[in-house]
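Shared between the two complexes below is chain A, which has chain B as its partner in the first and chain C in the second.
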Partner chain A sequence: MSAFALRNISKSYGANSILNDVSIEAEEGEFIALVGPSGCGKSTLLRIAAGLDHGDTGSIWMGDREITAIHPADRNVAMVFQSYALYPHLTAEQNIAVPLAMRNLSTLQRMPFLGRFVSGRRTAQAGIKQQVLTTATSLQIDHLLDRKPGQMSGGQRQRVALARALVRQPGVFLMDEPLSNLDANLRVHTRAEIVDLHRRAGVPTIYVTHDQSEALSMADRVAVMMGGKVLQFDSPASIYDDPRHIEVAKFVGSPRINIINAITSENGAVILAGKTVAEGVTGPVGTPIQLAIRPERIKLRSASAKGIAATISRLEFLGSEVLVATHVAGTEDDLVVKAVPADIAHLAAGAPVTLQIDKDACLIFGQDGLRVPMRTPTRIAVDA
Partner chain B sequence: MRRIPLFSMRNLRLAVLSAGALLFLAPYIWMISTAAKSREEIFSSSLTLLPQHWALWENLAKAFSRVPMGQLLLNGLIVCALIFFFQVVIAIPCAYAMAKLKFRAAQTMMTLVMLGLLIPIHATALPIYVALNKVGMLNSYFALSAPFFISVFGIFLFLQFFRAMPDDLIAAARLDGMSELAIVNRVIVPNAWPAVTAFAIFSVVAHWNDLFWPLIVITGTERATPPLGLLFFRAAEAGDDYGALMAATLIITLPLVAAFLLAQRRFIEGITLTGLKG
Partner chain C sequence: MREIATTSLLPDNRSVARQAAIRAAKREERVAWQLAAPAITLIIVLILLPTLAVFIFSLTNYELGYDDFQFIGLDNYIELFGDRTFLISLKNTAIYTAIVTPFSVFIGLGVALLIEGETRGRAFFRTVYFLPVASLLVAMATVFQYLLHPTIGPVNAMLSMVGIAGPNWLGSSSTVLLSLAIIGIWQSVSFNMVLFLAGLTAIPRDLYAAAEVDGAKSSWERFRLVTWPMLGPTTLFVTTISVINAVKVFETVKTLTEGGPNKSSEVLLWTIYQEGFVFLRVGYASAMTVIFLAFLIVLMLVQYRVLDKRVHYT
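And now, the complex of A and B:
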């Protein structure tokens, strides 16, 4: 039984289908990333998980308790928003204390002036203050407690928002692109901090992002969403190396995966510029397929080497690596190769080179976008 | 520093603006001047701005002795406070619901608010008067204030302001365990002070100065608002004593002027706010 589960959630606005039978579950202490392009429904799914929105069908479970119809406040979920959503009129301390005050104090005790005379308020408030301080200290924001959000930097606000979510010890953590408003440096730094925080708290976390590198680097499992569907829900390594759908392959990885249109030959072989690059593709001969190859799985060799002949059309120097766009006769788009600077020391645009494609590097997708099954045992890349 | 020639564009602009300001201020200045003049001087053929014999204190004393000035000011204060209090209490939750909650009647309500903005009090005055008469509520604070408790202008103003508030803030409040009423009290209102201030200015100025409605529902001085009190004063007592009348006018305009001077910055912020976001 999973700690938190969304089961068969569908949602549409009029004829517009936003979510289509989506199921996601998080085990105890698991970090799940929902990743996809904007408009794929990932934020809607998160809002449904929080109870801010409601699905047309489907159910939401926390352990063995169904919470589909339960009010957001009673679900014991915490959410960190992209805009942080701190109360502008309250100090950091008061902001962090709000969820505790709403839960631990009675309506009477919360009254602005009269509350002071209700019994038990002082003890409850002392407890809250202590919890706020502990949480703030663990996030290293205890020195900011009497500042208002307007007097803090983006990174500090983000920590206060995290503290507010953390302090109530929720059953599940929901995060909606919490890093997208930070500058690039801080983002990478905070990534590690959030992962660390998650490990310490041990609370299942659902993290929405449009940044595939964020998803791959932070999550235990990644759900790639597109057009209101989960295309693949798997470990980061499987998402990257073994995509089930061509859209997943295209979305994940930078630079983007190379896609080549091809047709199967005898024995299910795929031939690129006269060389067989894959074998054992199922289906009749002449089936149009799409060949996908990661840029780092292609090796750049001198023109005299054995392999696929190509010419360099563009070089992009990135410091530790170079992206080389190469043109292979008979293909439409350039093939991008990730090379080390040493490989291209003496090369310039227009120079002839040879490409060698790694064994098992070719991912074959059918016209419907799904992976084409391979005949086993597969013998691949005989002479490439 | 570069010397600015006498007939520069800048000086021309200043001259035009000063002339305009003088034109608009002239009646008020004349009122102050008259309030300080004796009766003989007001009706003398020579026009002077500065009085030859200062009679300001006498006129003020007359104004205070001939009409219950304290009562008038108190009535004005009570009526304005009542109106403003209920307007805010009704308009804020209403505007919040229309701006941030999704419900079926939202569109219809918006249309009704727009329609309400188009209907002046003069159109509904008669039926309201008849109703108040039927329930025997004329000549009361209630009659003075109740027709203004629901301010569509207020709803509209707050609506525009609340729309600009981030949805995430309200979502966060809901997750933190607040009811909708608590969201209004603890999140919306504390962050809506600029809008409340702006609305307070419009509401208080309008109802402090209003003569039309008090004239309809009030017949005696004991519930009269300041402008109505002035009217009684002129009709019954002063006759041709313009010095005392102007002194009384000075007294009733003074609270608003003082309030404006004290809250000048907020006042301008408020006006800008409605200009930009309205």
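And now, the complex of A and C:
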């Protein structure tokens, strides 16, 4: 049984389907990333998980307790918002204390002025203060406690928002693009910190992002969402190396995966510029397919080497690596190859080169976008 | 001229770039003055000069129709504070304001919250509640005169149905100020509602979501945690406007009670109007106006000095 689960959630506004039978579950202490382009329904799913929104069908479970109809306040979920959603009139300390005060103090004790005279308030407040301080110290924001959100930088506000979520022990953490308002440097830094926090707290986390590199680098499992559906829910390595759908392959990885339109030949072979790059594709001869190859799985060799003849059309120097756009006769789009600078030392645009493609690097997708099954292991005698 | 003089005194090694920068700044300043000139002229002619004229009149015994007048120093002001009518009108204005302001602010807020929470009839209710702002108070006063009429008015008719003998609302000195205040509230609630609605739409939705997740279950708790603090600047502005409008009450007094009965609805603007336009004592009326202005300015300064820091959080 999973620690937190969303089962068969669907939601539509009129004829507009936002979520279509989505199921996601997180094991105890697991970090799940929901990733997809904007408008894919990932934020709506998170709001449904928090109870701020409701699906048309489906159920939400925390352990063996169904919480589908439970008010967000009673779900024991904590949420970090993209905008941080800090209360601007409260100091950092008061902001972090809100979830504790709402739970540990009675309505009477929270009354302005009158609350002071209700018994037990002082003890409860001392406890809250201590918890706030502990959480703030662990996030290194204890020196900011008496500042208001308006007097803090984006990164500091982000930490206060994290502290507000961390301060009580929630059943699940929900994070809605918490890093997207930070600058690039801080984002990479905070990424590691959030993962670290997650490891220490051990609370299942659902993290929504549109940044595939964020999802791959942080999560234990990644759910790739498109058009209201989960296309693949798998480990980052499987998502990257073994995508089930061409949209997943295209969405994940930078630079983008190379896609070549081709037609199968005898024995399910796929032939590119006279060279067989894959074999054993199921289906009749002449089936149109899409061949996808990661840029780092293509090797750049000198023009005299055996392989697929190509011409360099563009070079992009990125420091540790170079992206080489090459043109193969008979194909429409350039094939992008990731090479090390040493490989292209004396090459310029227009130079002829040879490409060698690993046979097991070719991913074959059908016209419906799904992976095409292979008849036999694709490892065959290299004729390149 | 000064600019040329300083430029020529500059040592030769001053860079050309620096001189260009100075010239550009001067040019920009000149353009700024030119662009601001129409507004400045209008402010001087339409606001500052008339205010100054009122202040100067208040130091004279000028009466409309007489050829000459003398400067009599602060005599008008000294007379004012011994003037029973003026003191009564000061007191009545204060009572009227003290009733109208809190009621119109809080009822306005309540109506705005109800309309904001409504999904279907929002536009309809907004329009209906805005009608009093658009209607002419002088014209509506006749309606109120009828409603509050002691014998034929529907208000007293309804009261008598439940066995209460209704008072002579506008005709008795014990209820006249209250009746005027009710009309005042009726009018300013609608305007305040519009301002609060604008303030409400500016509150980020995420804050309510955060409040719910943080454990604010009831709408009252979310109001306390998010709505009320976030409306701070709006509330301050609405309160200020309401106070100013209440202090300026005139139309209902002029059309319904003329300050009576027995001066029990005598308010500041009415007294100023009587002195200036009926008794034609312009100097004396001017002194009252100066007091009136000073009263308003002090009130606003206090509000902004004390409260502004507490409602703006950035």
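One rule holds in what follows: the second predicted complex is superposed on the first by the 378 of 384 C-alpha atoms of A that agree within 3 Å, B and C clash if a C-alpha of one lies under 4 Å from a C-alpha of the other, contacts with A are read in each partner's own complex, and residues count from 1 in each chain.
Note that contacts are C-beta pairs under 8 Å (C-beta built on N, C-alpha and C of every residue); 3 or more make two chains touch, one makes a residue touch a chain.
Here the structure is a predicted model, which means the values were calculated and not measured.
In the three-chain model built by superposing on chain A, chain B clashes with chain C.
In the superposition on chain A, contact of A:Leu52 is made with both chain B and chain C.
Of the two partner chains, chain B and chain C are each touched by A:Val98.
When the two structures are aligned on the shared chain, A:Lys11 is found in touch with neither chain B nor chain C. When the two structures are aligned on the shared chain, A:Gly150 is found in touch with chain C, with no touch to chain B. By the touch criterion defined above, A:His89 reaches both chain B and chain C. Judged by the document's definition of touching, chain A residues 47, 50-52, 72-74, 77-79, 81-83, 85-89, 98-99, 102-103, 164 lie at the interface with chain B and also at the interface with chain C.
Residues 204, 206-207, 209-217, 221, 225-226, 229-230, 232, 313-314 of chain C touch chain A in their complex. By the touch rule above, chain A contacts chain B in their complex via residues 47, 50-52, 72-74, 77-79, 81-89, 98-99, 102-103, 164.
Across the complex, chain A is touched by residues 166, 168-169, 171-178, 182, 186-187, 190-191 of chain B.
Residues 47, 50-52, 71-74, 77-79, 81-83, 85-90, 98-99, 102-103, 107, 148-150, 164 of chain A are the ones touching chain C in the complex.
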